[in-house]
Amino acid sequence: MRENRKYFYYPGCSLKGTSLAYEKSLLAVFKYLGFEAPELPDWNCCGATSYMSIDEMSAFSLAVRNLAIAEKEKRDIVAPCSACYMVLNKAKKYVEEYEGVKDVIFKGLEKIGLKEHFKGDVKVRHPLDIFINEIGIENIKAKIKRKLNGVRVFSYYGCLLVRPFTDFDNPRYPTMLDNLVSATGAETIESALKTKCCGGSLTGTLENVGLRLSYLILKEAKRKGAHLIVTVCPLCQFNLEAYQDRMEKIFHDKLGIPVIFFTQILGVAFEIDGKELGFNHSLIYPDILYQKALV
Amino acid sequence: METYVRTIKYEKELDRSFTKEILSIPGCEGLTNCIQCGTCSGTCPVSIYMDYPPRRIIAMVREGFKDEVLSSKTIWLCASCYACTVECPQNIKITDIMYALKRIAMRERRYPKGFPIPILAKAFFDIVSNKGRQTESKLVMNVWLKISLLKILKNSLFGLKLLRKGKLHFKEEKIKDRESLKLLLEEVKK
Amino acid sequence: MAEKAKVAFYWCASCGGCEEAVVDLAEDILQVVDKAEIVFWPVAMDFKREDVESLKDEEILVTFINGAVRTSEQEEMVRLLRKKSKILIAFGSCAYTGGVPGLANSYSREEILSFYYKDGDTVFNPDNKRPTPHFIEGNFAFEIPEFYERVYAVDQVVDVDYYIPGCAPTRKVVKNSIDALFSSQIPPKGSVLGASSRSLCSECPLNETKPEKIYLKSFKRIDKSQPESDKCLLIQGYPCLGPVTRGGCEALCVKANYPCTGCFGPVDGVKDYGAKAISFLSSIIDSIDEKEIEKIIDEGLSNPLAIVYRYSLPKSLIFDTKIKKNGG
Amino acid sequence: MDKIKGNGEIRVGVYICHCGTNIAGRVNIKEVVEFASKLPYVVVSREYKYMCSDPGQELIKNDIKELKLNRIVVASCSPHLHEHTFRKACEDAGLNPFNFQMANIREHVSWVTKESKEATEKAKAMVRAAVYRVVFHESLERKSQEINPNVLVIGGGIAGISASLVVADSGKKVYLVEREPSIGGHMAKFDKTFPTLDCASCILTPKMTQVKDHPNIELFTYSEIEEVDGYVGNFKVKIRKRARYVDVEKCVGCYACIEACVYKEGKFPDEFNEGLSKRKPIYIPFPQAVPLAAVIDPATCIQFLSGKCKRSCQQACERGAIDFDMRDEIVEVQVGAIIVATGFKTFDPSRIPQYGYGRYQNVYKSIEIERLVNSSGPTGGEVILRDGRKPQSVGIIHCVGSRDKNYNIWCSRVCCMYSLKLAHLIKERTHAEVYCFYIDMRTPGKGYEEFYHKLMEEGVHFIRGKVAEVTDWAITPEEEGKLVIRVEDTLIGVVRRIPVDMVVLAVGLEPQPDADEIRRLLNISCSKEGWFLERHPKLAPVSTFTDGVFIAGACQGPKDIPDTVAQAEAAAAEALSLIDRKKIELEPNTAWIDEEKCSGCHICIGLCPYSAISYNEERKIAVINEALCKGCGVCVAACPSKAAQQRLFLDDQIYAEIEGALL
Amino acid sequence: MKDNKFEPKILGIFCNWCTYLAADLAGVSRMDYPSNIRIVRTMCSGRVDPQFVLWGFKNGADGILIGGCHPGDCHYIEGNYKTLRRYLILKRILREMGINEKRLRLEWISASEGEKLQRVVREFTEEIRNLGPISEDRAFKLQLAEHKK
């Protein structure tokens, strides 16, 4: 019944803010691969993590509003932000699992005329899932114009993409991102830290705690000789990149490791123009990707 | 002359209804199955900063140590990375329990004074409730204002850097149909 | 010579075939007649209800009732005849187990009436008239019997002494029954007269043609295909009910290349003919796959009720209850 | 309730059991007794604390004699538990035991009903059902059946070996079937056994030799059960002897063929050494193997792969034991009883990626360490890492794959103890710092706790906490090049990072992957985890619900060696006591054909799964061979003319029971 | 029983080797379920004659649950398949007779599935409770119908 589903692209707040680069590169890559995903009409905040710590039901209802809008059009959702991805999936799951939640949320949906449109049929998927399981590694390989041989990449998953609701990869030791990155010819680094938390919102609130978490990851990447870190999540990318100079001061360690989105490295391999990929937003420019040596 | 703190706990100081309340919240039902193995604390990236590791929080909630739990920093340190939830051998949704505790702490205004995390949460909550979307620049400002002007100054350079790279902008994000959003939120609040 | 034994015949909900069967007895009947005096036989002779009422209780030796009971009139007459007769015999499938009219029990009275007076394709009844017991047309008042909610076998209305099975009972069966009745030692009350104690296969000429073990991959429909004449119909795939049906008819239908439809009813000890029938039919279905089984049933045994309860729905365990005085 | 055919005056006695408080605690016994006394044909209705006790049974016996009872109903537990007890009581009192019916008001009523009122009502209904039914019961003769005195033992581990020896010593023939090329099972791989630290092979090898030399044991190694037919006392079993391409009779285990093999060095992972060493395509599993005979692995042997080997092994064998044309053969044996001892498999730790097994070469499975510390193992008993270094520090992680809803929920029962053993052996061999990471230290057994204390004295570090992860992630310089174990020390309440050279994963026990096939072959049941289900967890621990089939050892659930042997010998005893009865009495619940009714319609014949029904040509009816009938009643349900009927399950009995249950 | 909600009578006909044992196991494990069900034992679900089912309904059962071994696990090799076939036609017959076919249910419950037994009995009892008494079904209405003169 679900064959050839259509999709909506759900940006979430970050991709409109700190992570414009993610949005640009994602859409550019989608375009290049001929994958259609218009923006979800009048989407709202997923009800992200901090919202949940105030009022869970409201958070769920925010999430479900998005789901319902998508389901109304019989489309699935592609959510690039790990937090959105997790929260939307969580809301869907809890509405299924807990009568109590369901009743309240459905009351809400009824009020705004979305109840009859929501059966919980909509799927929330991450671009990584789409690339691997819809478009397929082989098709992507076929479209690669520039092999990134010799680039050592630390493919970093972070938490919320793989935990706790992911069904397309092993939450304890994911490999999909590694597979995708190696498809570009780049070499990926095995590390136990690939699913460790980057500090998330703590970096903004309890700097000394948050920064250390980010720092440990950067340090490990450096230790394992990574040229750059590839992420799938706006917040991870921001934490790992934006605070590096500050970390260098605190931890007396030279960092300067480029941290880019996986859609950007794909874009490079597809030889999409750097501007379209949003490299102009990079604080640490990933020169390595453009070294002659590669070509 | 140092003073000695008595740590004995009397049954009457415990609040069993607190335990019951938690157990009644979606996602928290597994609480009673805990075998105190410490996997949660072990997997937690921030447990090393916590006053009580998650394992102890679970034990304390189970036994009704309400005051200790709600005034603990632990619940605010949880970055909700769900590592504990995935690894728990008893499939206890520890992250959900932390959320539940945060909410109750907010409700009862029990969180530490000037502690930034609840403030962030609050600010976030207000913006989204009104606009439907988050505008990060605005959020950051509101939070820093609440914490200390000093922080703004300290971070102004940082802010500028982001602005220059277009990572921050002041265009306000909001949804069109804010009416129905309001209706929705009111309805589920009932 | 002592005065002749009094005999009565009556028909309720039936096609009249059973009456024919009586007539068919021809010379056999004569031998009955000189043994007996017929005091009531609406279909053949001019008697009135009063004639019966005027008789003393149990004055009639034997009353043969054919047809099932569906109307208040039928009920009254059956009760009346019971009162006046020493022996009351349910004659033929309808009287015995409800018969074809009994299939109506798979519909409610309302469903039936609204079909015949309203929904039926050929119905023209603009002001939607329905027959009712007290029916007034202009200044005439009509009394017509009440149409009951369901069909009853005779023994669900009154106490029955013997049963003669068949739709209609064959000449041989009737003859055997009568001989049995007038023989020296009368059969025990409630027994089925004139037929076999085994099921039909025991006297079916085609039983020989069965293989040791019987499995069926599909069921055929007699109205859709022509069976081979010299081969057991069941093993050909036709739901022949011989195995579950009391013998005594000498396999008339099967000899005519038509599967047994079960008019002689069950053998002693079987509580529900139809249930037994589906039990044996389904048991020999040769499949262990639910979907496939469903398919086999849908294709060959659609509307199974009409197949296995053709003559006995009112006597099925579900419907086998005594009538309350004056209907339900 | 239907009138009943005239088998004399019916006098029913009803007995309601309290079962202590098990029933009386929920069911209002007085009410039920009162209710029963008013049921038709009931002459007496009594209650008693424990009906199954002697005084309880006496009650019945006396009443049968005094009150001339000829039907008995006992309302207590499940008939599977005590039906035979009460039938026996009837018999003792001179009443045919089949005039008895049991109402299950414990398992089906008091234990599963919350409300006392509801329980009482339900109990009444069940009693009434039993009374209505028993009225239609009739005296029956038990049929008895010769028992074949041979015993089949499936599995040649310590359980199978022990069971076989006990049975064989009593003079009975044993067929012992083992899937591997040698018997010995897991125990053969161990070096020492806890808590006594006596050498495993020193105690096992003699037993293995006994098996080989025992006149009453016929050994089938490298063989599997193909098919099991028949029933208690008379099983027919087909055994597939897989071709090992070496004639066990001729081979003397001289190794000449192995030395002669075209492969100069071992090249393929050695199963017995858990892949820690290499073997050739032709090999002897281990020096003490029984039978001590080579085996050729066709998956790796050039001759089988290409057909172009110069077969140096064959030339090297003076006794011409090697036969490349050997084929699998099927042997059929007849036995009266079967003992299943198929054992367990160890948990595969690569299912827990955060422990790094398979990613980090110095992370080992406990069973691998068993080989490492074994003097006959790949390193001659030296505990060294794959790179040859002696570990300075070793972490042993308990409960790997056990006590974890993400993997197996159960406690594997042996891991704590064998971890202690390994800790001791490793310390003894390497003087390394040894850390044991446990959730709860479980040492329930004779001398076990003492062993734990001994280890504490030896200075092993015991850290209470389930390890979160094992990584090569070095934060501090001294962590470089080590495996770092991250765990909360729950007794102190802090998270610790402990760098070690070697990590040992104490993997748990799991059912054999093909346990389900065995289950089907023997038609016994498995628990939902996949362990074979015993007839009763306490009172019938080695019996199954299939008479004549017994279970022993870890195939029934995780077990250590002492428990396994105890259970194996118990199973042997059960099997022997069955066999020594010479005859078994079969439940007379067989079907028969009423010749007066049968029309010879053939319907039933094809339905019998045991071909017990045939068509009698001259009498033109079906006949049932009651020796073959197992009493399922399928033919009875199908018989269109009520000619087929089943004893103990007559239509009238079931009708009456249903009526009584519902009234 | 509980308030004045309709409490259905449920008849369970369980095979001796799987479902009956599952019920024993449920008991041993103290898994409570509604007391509406009355359990009758046959050696094999293949012994269940469709007549038993009609007899059950006639005698006041509002729902009937037949329990057998899982396909392939029958103690008598394939008795449960015969049950399945009879059940599938029987449901059609019930429908045509005017009895809600939901009142008859066939479940495969093995000796080790105490939880499943508990679950099924709970579900089924609830389902039948919602269906209401069988006397409400057409087949029974017909014979109860009063005929006013």
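A, B, C, D and E label the chains in the order they appear, each numbered from 1.
Keep this in mind: a contact is a pair of C-beta atoms (placed from the backbone, for glycine too) under 8 Å apart; a residue touches a chain by one contact, two chains touch by 3 or more.
Computed from a predicted structure; not experimentally measured.
Visitor: Strictly by the touch rule at the top, which chains does subunit A share as contacts with subunit E?
Guide: Common neighbours, subunit A/subunit E: D.
Visitor: Which two chains have the most contacts between them?
Guide: A-B
Visitor: Hey, how far is the Cα centre of subunit B from the one of subunit E, in Å?
Guide: Computed from C-alpha means, the inter-chain centre distance equals 51 Å.
Visitor: Hey, how far is the Cα centre of subunit A from the one of subunit C, in Å?
Guide: 77
Visitor: At what distance in angstrom does the C-alpha mean of subunit D lie from that of subunit A?
Guide: So the centroids are 49 Å from each other.
Visitor: Taking each chain's centre as the mean position of its Cα atoms, how many Å separate subunit D from subunit E?
Guide: Going by mean C-alpha positions, subunit D sits 32 Å from subunit E.
Visitor: Which residues belonging to subunit B are in contact with no fewer than two other chains?
Guide: 87 - these are the residues of subunit B that touch more than one other chain.
Visitor: If I count partner chains per residue in subunit E, which residues reach a count of at least 2?
Guide: Where subunit E meets two or more other chains at a single residue, that happens at 49, 51, 55, 78, 82, 86.
Visitor: Specify, in ascending order, the residues of subunit A that touch 2 or more different other chains.
Guide: 172
Visitor: Touching pairs of chains, which are they?
Guide: Pairs flagged as touching, ordered by label: A-B, A-D, B-D, C-D, C-E, D-E.
Visitor: Which of the residues in subunit A come into contact with subunit B in the complex?
Guide: Listed in rising order, the residues are 13-14, 16-20, 42-45, 47-58, 60-62, 65, 86, 94, 97-98, 100-101, 104-105, 107-113, 159-160, 163-164, 171-172, 195-197, 199-202, 204-206, 209, 213, 238, 242, 246, 280-283.
Visitor: So in the complex, the part of subunit D that touches subunit A is made up of which residues?
Guide: These residues of subunit D touch subunit A: 352-354, 356, 359, 469, 471-475.
Visitor: Mind listing the subunit B positions that touch subunit A in their complex?
Guide: Touching subunit A: residues 26-27, 45-46, 49, 77, 79-83, 85-87, 93, 95, 99-100, 102-103, 106, 116-118, 120-122, 124-125, 128-129, 132-137, 140, 143, 158, 161-162, 165-169, 173, 175-177, 180-181, 183-185, 187-190 of subunit B.
Visitor: Going by the contact rule at the top, pick out the subunit E residues touching subunit D in the complex.
Guide: 1, 9, 11, 17-18, 20-21, 23-24, 26-28, 30-33, 35, 38-44, 46-49, 51-52, 55-56, 59-61, 72-73, 75-79, 82, 86, 110-113, 118
Visitor: Which part of subunit E faces subunit C closely enough to touch in the complex?
Guide: Answer in residue numbers: 49-51, 53-55, 57-58, 71, 78, 81-82, 84-86, 88-90, 92-93, 96-99, 138-147, 149.
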